[in-house]
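Letters are used for the chains, namely A, B, C and D, taken in the order the chains are written, and counting of residues starts over at 1 for each.
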């Protein structure tokens, strides 16, 4: 599955081919190489390319090309050794650490930290005494030092997977721990391991070459690093010789990294479409000049770039929001209600574009064709926004107060002192019991309900004419939801704001909305005042939705003991 | 004993090494009065018992005078000692001393000082302690004259007195705690503490009271330890240095870029056939086998291609500038693989045999050649990997029948001490021969006039019996820039400070 | 069939000095065969903890949970695994409760093979039956979870729970992530399966309306305690406990006029509580 | 905050002790040739034994470790076997050299990678592609090879920058900078490449967060959103990347110092390794681990200051 997608990436294919060629040529060096790696011709010492020696001769008169091939065996073996050691140690310890946690995790994590703190090269040098000039032993040591990378990767993946519900489900299904690790956990961590392995193999080749370059290798065994060292010593006799091992190393490592990147792209689906198609020019719209409501959306069409042009998620929506009214926008997930709301804010997700005859007239101004800077001046001042998730919508790095003060100063041009006073006042207004404490708190120190009140305070701080509320109570508990709805209602009447309220909950609609628009698959299927809509829904979809509410269903009765 | 070239060659890969470095003003800044050079090794110590010859001589030769010295033609000449004469039995050396010389701490130089220094050296743990160990007693005749009484004749002694054996330091400093870092000598320069960072830069400024200042044209000497040959060459080419030791590889390029190459042959490259008595490999006991090995190597091609023709073919181990040199011994075994095979066949080894050789990382270039050319006459080489810092201990351990080396050669007697006697370190299998013993005894007791002939006899015996397989003497290459003249010295890879002078 | 008595669950605090968090204090209830016990409460009330305690996914501090007369607490892991024949689960999030890299068939076969009750061929026959039971087409077997909508995934999860023919299924907010119309259909599926197979449910939800729809009896949880426990109709229409009342009043009714009335009721209730 | 630092400090001390112990046992287990290398070819077995006794090598390994540790805690790291220089002094002389190189390289890496990473995250397009290519190339080209090419071109061929060496800052700031240009550039190319890639990822992640939309909806300028909020949130992953780069650069400096004959810790270490100068090696390892630990500690504290949530976790 993944493999096929990787093969669709030309760069990855090229990398794979290069790697294969290098690996095969190394493995079959005795068959491919024109000369023995040790055969020398005294007349070819430091000779340039050509005449018998394809890439020239090295400092001892041996064929550089043949030696590159044979060196590949040793260098790649070294890399494989380092990689295997790192993999086995890192993956096993990561699995144990992540899955069992507790003391074991503590001990293994401490060990991993210990290894991570080591400057690898220096330690390898220090161990040179004990390891001797065997580069393979050095690579074993290097593998040990690389293992924390895998340990951390696997551990964090396992921790994430461990809390996935499907692992719980497997446990409930009666799977033993080893089977769960084997079936569920390893399956998921497999891909990141492969990516990391590609990178680690590259690092191993580079570090190994570095050690050999420093003279800590075994000159009797041809390796890329050793050849580079030989070329470096002879650089004033043969300048060209440093290129061959250098390029071979670079090519091999680059291929490994590219392959890793390609796999990552496929897995994370970060592969961007080649280039988003240029969005078609907006066709000029002609809103009625007379008697405009506060917000008039006509023909709103929203598209996102896809492999073939733009994929529409909202198809020609018309909607009015009048001064001071609460307009409910209801629909199920994927109906386009949130996209409609974001269009008004001008904050569609990256790539999102208005298409065709889309028009958003706000208080007589055509927003769809307004330059971004002017649109920005409307946001926060004339149009406010209340998001859905309270916690993720506060910047975790800043105190709550600062997050209120900054927009107040930016939008209203208040002095710092005045802005602080205003922020405290707002916090009090949205029903926060101890405004000063909340003002000084970081987002992670307050509850979800509090956070939503803070966000509401922020949204109304510029005294906007229109408030866009995107599922403002969905993430809250029922009792908190009721409080927040009360608050919203109070603010709305107090400031005389219009509100576009996006929700899927008909209870919320019934509670607060004056009018309702029902959306399905990117279209508005029905708009009506709230009472007639509930009393006599016209569109079949509205009927289905209202029919699905459980409010009036009869509870099931207690079972008789001998029912069965 | 000495392994001069060897340390130079192995430096990049190991062995005796030191930190590479560079700091202080560039060579160009203060023009002809400052000499800036790079050294392959870091200074190991200024303690007179720990001094080394070869590259490290450059660090101590500015601060310490020696009793004797060598001129440009390798002739010994007076320095702190004004004359030196042996008695007839060659067991008493009478030395007369210069007057009026003072150490930089004010202590006057006299006969007692000489005795203190020589006994101090013999008692120490340094590599060159042997240089004064042949002296049994001291007879101080006057403050300016003393007799050194020897246990037995030592033809090397006078050479030693021009080297570490003749280094004179203030007796007070010998027992000082900081003897390793603060040299107190009577030399032309003093170590400038402020300009010196161990491992990085050693700066020397003139000794204002020096008795022979005119012999030293520079006001300031800067020596930077730089291990890597390419780095040294880069520094020289980009004008950061006036001169430095490199190797034969760099010659062609150096000449192209207007640097002067100063060369002198110090080392011989080739095999030491250590197992002459067949203790490890019975075949090597057979002279024909040893000769066959001598015939197996294409010396000419190796010299031309590996050492860029910088050197001279030879089959003897003695230095061309020394007493034992015999030109006729340079071409006894010319490359002749057919003859080698024939000799092996005659010895009963027509189907070959195998030998074990340590695979020293520093000689990777030669190892390939050895393997190939021995294989061509039917001798198979089994390599034993040796970490670079264990090369010398391994070779001297007596585990190997044959080793490759680039051995430094000085005076013939020194070379004999190093590799020919039954006790020599480079004769780890303790090979010996009654006939050789006689020749050696004759040489030891020979008068100055008889010495060259006695040495030549030893050399001839060694060549005839194929104890070694020298290929060629390789030139040390010391590069200098256009402003600097360097006079090479026969026994030293790196010239002493007195050998540098500014070009006008 | 299932009896929980004085169950206490504590989560260990971080470090050795901080106090643990007591998620459940002294909770008792029971579930009879074929019935649905609804558990309702807000976040942090401990409702999910109860489910996980029964499933053996959290350690129980003290108390007793007996299933068919066998004590679950302190039961060895091996024996506990065998209990999966009888107790199964459907989780809230249909997206994370199915392994994204396994096909539907793998997912459904897993419990069968794990318990070694059937061979591979029998298993695939059973898979088809299960798919029929939850109303999914047979060609679903070779597809991956991400190719299905939320409602369909929840059907897969239900099929997996049914695979071993359990006597009790713990349903942890199984419909709260679904759209309104899907939610109703999945709830109906739960009810029809119960009527078909006689399985009992422990049905956990924060939504009183949902619980009321599916449950025979209801327990209301508030901060780790059961504050009200009784027949669904009694609890959801004539609550005794003030918290249950608040909960009931807080849920908005999808009817503007009735909601206005309820809102007023709630205000009055809060005002009277404030006075008291 | 102080409890947090205190706990880290204790953990760090234990870490240093354990690493020192393990390294000591490994390094001192291979010292059989030292006496011979020190005393030269003519040394007798008696002399060798005496030297071993002088160096304490005749003691059991654990006893040697005890002696070494006893001295080390008092700041005495012993004396180099080969140059007779006190190890502490040798390190003190060379640490500033390596540190100027590495600190300069890390600072440049931080500046460039944040600049590039942010630009690529915001602009995307060709900049994005440049970073991708750079990161692969920077990773694949061994830094010593890059250094080699640079030195041949800039120093030897053009003669515009010094090929080797190091000049103390106090001596001549100009020469100091000139001497460091090539080594630092060789180091920065590789580290910037990977760091920029990761900064880009971190910034993109932050810009996808909900609170960014909310901030924009409040009318906050894009500049403030990016530089005040997004960067601060991206700072923690970025700092982690930089601390790892710091460790990596310490290692990279070793090889680079050889190319440029820079008398820093790397040269000291390589020479000590080749000779078997174990006291020096021990000193270097301990010094660097302490350095790394300090850097990590600083990064932890800064992270906690940037994002207080980190302190809780």
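Heads up, the rule we're going with is that contacts are C-beta pairs under 8 Å (C-beta built on N, C-alpha and C of every residue); 3 or more make two chains touch, one makes a residue touch a chain.
A quick note: this is a predicted structure, and the numbers were derived from the prediction, not measured.
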item	value
Innermost chain, taking as reference the mean of every protein Cα atom displayed	D
Gap in Å, rounded to a whole number, between the CA centres of subunit C and subunit A	31
For subunit C paired with subunit D, centre-to-centre distance based on mean C-alpha positions, whole Å	54
For subunit A paired with subunit D, centre-to-centre distance based on mean C-alpha positions, whole Å	30
Cα-centroid distance, subunit A relative to subunit B, in whole angstrom	66
Junction residues of subunit B - those touching two or more other chains	13-14, 230, 388-389
Subunit A residues counted as touching two or more neighbouring chains	129, 132, 215, 232, 235
Touch relationships between chains, expressed as pairs	A-B, A-C, A-D, B-D
For the subunit A and subunit D complex, residues of the former touching the latter	113-114, 116-123, 125-132, 199, 202, 206-207, 209-210, 213-216, 228, 232, 235, 239, 242, 246, 249-254, 257-258, 261, 345, 347, 376-381, 383-385, 387, 389, 392-398, 403, 406-407, 410-411, 442, 444, 455, 458-459, 461-462, 468
Partner subunit A, residues of subunit C touching it in the complex	32-36, 42-43, 52, 55-57, 81-85, 87-89, 91-93, 96-99, 101-102, 110-111, 114-115, 150, 157, 160, 163-164, 179-184, 187, 191, 198, 206-210, 212-217, 231-233, 236-237, 246-247, 249-259, 263, 266
Contacting residues of subunit B [partner subunit A, same complex]	12-14, 229-230, 233, 249-250, 252-254, 298, 301-302, 304-306, 359, 361-362, 364-369, 371-372, 383, 385, 387-389
Touching residues on subunit A, where the partner in the complex is subunit B	38-40, 42-43, 45-46, 59-62, 129, 132-134, 215, 217-220, 230, 232-237
Complex contact set, residues of subunit D against subunit A	15, 18-19, 23, 26-31, 132, 135-137, 139-142, 144-145, 148-149, 152, 209-211, 213-222, 224, 228-229, 232-233, 244, 247-248, 250-252, 254-255, 258, 265, 269-270, 272-274, 276, 278, 281-282, 284-285, 288-289, 292-293, 296, 306-309, 312
